[in-house]
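Following this line, the structures themselves.
Look for chain A in each of the two complexes below; its partner is chain B in the first and chain C in the second.
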Partner chain A sequence: MDGFSGMLEALAPEGVSLLLEQHRPGLLDGWCEKLLSQPLPRHSLWSEPARRLERIGGLAGWVPDHFPLFFFNERVLEETAAALSARRGQVRTETADRDRAAALLAELDIMHLGERSPYTLSQGETKLVWFLVQYAKAPRWLLLDHLPSGLSPAWQEKLIGFIRNRIMAADTPPVSWVLGALPGEEWYEPLLAAGNWRRITWESAQKILGDPG
Partner chain B sequence: MNDRGLHFLTILLLGLSASLWAVMSAKLLIPLFWLLLLSGFVLRLHPAEFPRFLRRLVKIGVTLLFISLLQIIFRRQGTVLLQLRGFPLIFSTGLREAVLLWIRFLILFALAFIMARVSPFHFLLFSRKAGLSADFSLRLLTSLRLIPEIYQEARRGLWFLRFRGIRFGSLSLLDKILSLRQLLYGLLMRSMNTLFHTSLLLELRGYGRRGSGPIPLPYPLGPADYFCIILLLLGNAAAFRLYNLTY
Partner chain C sequence: MECRLDNLAFSWKEPLFRSLNAVLTGGDLIWLRGENGSGKSTLLMLLAGMIPHFQRGTAYGGDIILQGRSLKTNPPKTFFPLIGYVDSRHAGLYLLNESLEEELLLAASILNQSRQEIDLFLDETGEIFPDMRGFTRCRFSSFTPSERCLALLLLYAFQGAELILLDEVFKTADPECMMVWEGFIRWLVRERKAALVYTCHGLELEGGAVWRLQGGDLVI
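This part shows the complex of A and B:
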């Protein structure tokens, strides 16, 4: 297990999800960005850091708020199916992947986006689609810096409902959710009631996460 | 020298002179002279960036070293300079061609380095002064600006491809090709988005609007430019004299 996964394991072991109380949005994103994306420009894309990224990519999903996203397929449905096939280590999708992708889109109530190009979506739609793509990878941890950012109250509710259902359904393999929240917010209350959560302030988490800086 | 650096015309004349003599002369002296002149320009114009210039050079130097070794091995003309147990290893022509290759490449590299540091706005001013239409100038500028952007996007795309969690080493050739196709699709879409936003920003700033002069600023030659142009003329004259003497 590498440093990134090791730190997450220490904070959110199997079966435990984490609520990070940040004093401002972007702290978790900043940590991920520094640890995951910045080391690469200094190294070749075929070097050990690149292979490490493959390993981390298989273990963790990340839904950033202000990080330009890159999609590889013409349609949202195909992009989600590709994430499902990536879980098996394959590039080509199968009918079962597309069916499962359609089911996931329907569960999040974004089936109407299935035939759209990911590059024509609004900010909120992009966030929902990217969330689903990351979830479809079946990661060990799924990190969201600030769930409500960029989403209307109705979509926030749908996304929270989706996560709640997934926790209640006891996903196999289990996902440890790592969600950032701001002081005074209450949107996460339905989630806390659903699973085994650990609440921790960003300052306390930093003692384990360190300063990638 | 003022804050804007040298005029683009001066840099263009420098580039034309250096590359012309580097191609024309098969002897070492003249290209070497232009290389030294260009190195002087790099040092004078961008002294702080000189270590970076050298670092980049070292990175590409390995490939160049391999090519020059091939030149030395396979160009078997001229006098034998080195032999091993009677077998001729290095010929004079091969060695000269290998050194010339290095000099020509270094000239190109130094020129690219100097030109890459001209601000896009000054390039735009120059193209307008050169009589190019505002539309064409802006298109040219947008295209030139897109090249490093595409490079960054390609790196970003590879990052995301890896973050999917697939082990690329274990993929079949067909799957690797498929991944490349997917990467190119993303690259195309993101580049289109960048172009769209750039053109929108240019329009919002009023560039290309009919009936209005989009670039009202003057762009005259400065004292440093006159000095450099005189230096270039003298350099060309000296190179011409040397060329006549050696051929």
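This part shows the complex of A and C:
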């Protein structure tokens, strides 16, 4: 187990999700950005830091708020299906992947985006699709900083409902959700009621996570 | 300042706006609302001239007339420094220096203004944001995305922008930063008579009006 998974395992072991209470939004995103961008400018793609990054990519999904996101497929449905095939270590998608992708899009109520190019989506739609693609990779941890931002109240409710259902369904392999939030916000209460959560301040978490920069 | 939407129609691949008509004048504070995907950001990009000069859809009908000139046929640089456009996704890209102080000095040199005019601006805005001078000296690399957006807004304010477009810039602002945002917005609208259009889910600023995008139409 390398440093990254060790840190997150200490905070959110299997079956436990994590609510990080931040005194200001964006701290979790800032930490992830530093961690993930750090190796790239200075090292080749075959270097140990880059390989470490690849291992992190297989373990964690991240839904950032402010960074340009990259998609590899021309349609949202295919992008989601590709994430499902990637979790099996395959590049080529199969019919079963596309069927499962369609089911996931329907579950989040974004089936109408399935045939769209990811690059023609609005900010909020991009966030929903990126979230679903990250979830489809079946990461051990899924990190979201301030989930409601950029979404209308109706879509916030749908996304929270989706996560709640996934927690109740006890996904296999299990996902630990890692959410950044301001203390006292209401949106996360339905999620906390649905599963096994650990609540911790950002300052306490940072003692374990450290400063990747 | 007057900005007029004249039968504005636009399509990316699918039609997004059918025929939008509206007028913005100095001192207007507009909350642009709509579901995700209704075209809020696209409308701001049209008002900023980003569309059609940097990005194109498949159809652009009608026009936007700013101070008597077409935004469709005149590129955004020809309107400088009239338009201020802050988009949370790309805020950092518009900042050329390492701190706001350096940005202000660059802007002053472009606009043939002196250091004293920067000081005057900082004194004036210091009433809204007491730590304004400290903020201008901080490095952008230490800023949160919302603070980067705020720095860009201040730069536009200094340059004298009169049509200010804010796309989802408050979405991760903490309460303290939000107070500064609100203070500046009110100051720009009241004192500078700027027209300001912002998008943000669930934030209605007192004293403003609502424009709602719904099914390809603009409901005012």
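Assume the second predicted complex is superposed on the first by the 213 of 213 C-alpha atoms of A that agree within 3 Å, B and C clash if a C-alpha of one lies under 4 Å from a C-alpha of the other, contacts with A are read in each partner's own complex, and residues count from 1 in each chain.
Throughout what follows, contacts are C-beta pairs under 8 Å (C-beta built on N, C-alpha and C of every residue); 3 or more make two chains touch, one makes a residue touch a chain.
Keep in mind the model is a prediction, meaning the values are calculated, not measured.
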Fit-or-clash call for chain B and chain C when the two complexes are aligned on chain A: clash
Contacts of A:H146 with chain B and chain C, given as first, second, both or neither: second
Chain B versus chain C as contact partner of A:G124, first or second or both or neither: second
Partner chain in contact with A:N165 - chain B first, chain C second, else both or neither: neither
A:N196 touches, of chain B and chain C: first, second, both or neither? neither
Chain B versus chain C as contact partner of A:P25, first or second or both or neither: second
Listed stretches 73-81, 199-207, 217-225 or 235-243 of chain B, narrowed to the one that overlaps chain C: 199-207
Contact residues of chain A, present in both the chain B and the chain C interface: 68
Chain A residues within the chain B interface of the complex: 36-37, 40-41, 45, 50-51, 53-59, 62, 68-74, 82-83, 86-87, 89-92, 117, 119, 137, 139
Parts of chain A lying in touch with chain C, wherever the complex brings them together: 23-26, 29-30, 65-66, 68, 120-125, 128, 145-146, 148-156, 182
Residue numbers on chain B that touch chain A, as the complex places them: 153, 155-171, 175, 178-179, 182-183, 185-186, 189-190, 193
Sites on chain C touched by chain A in the complex: 12-13, 34-42, 88-91, 144-146, 167-168, 171-174, 176-177, 201-202
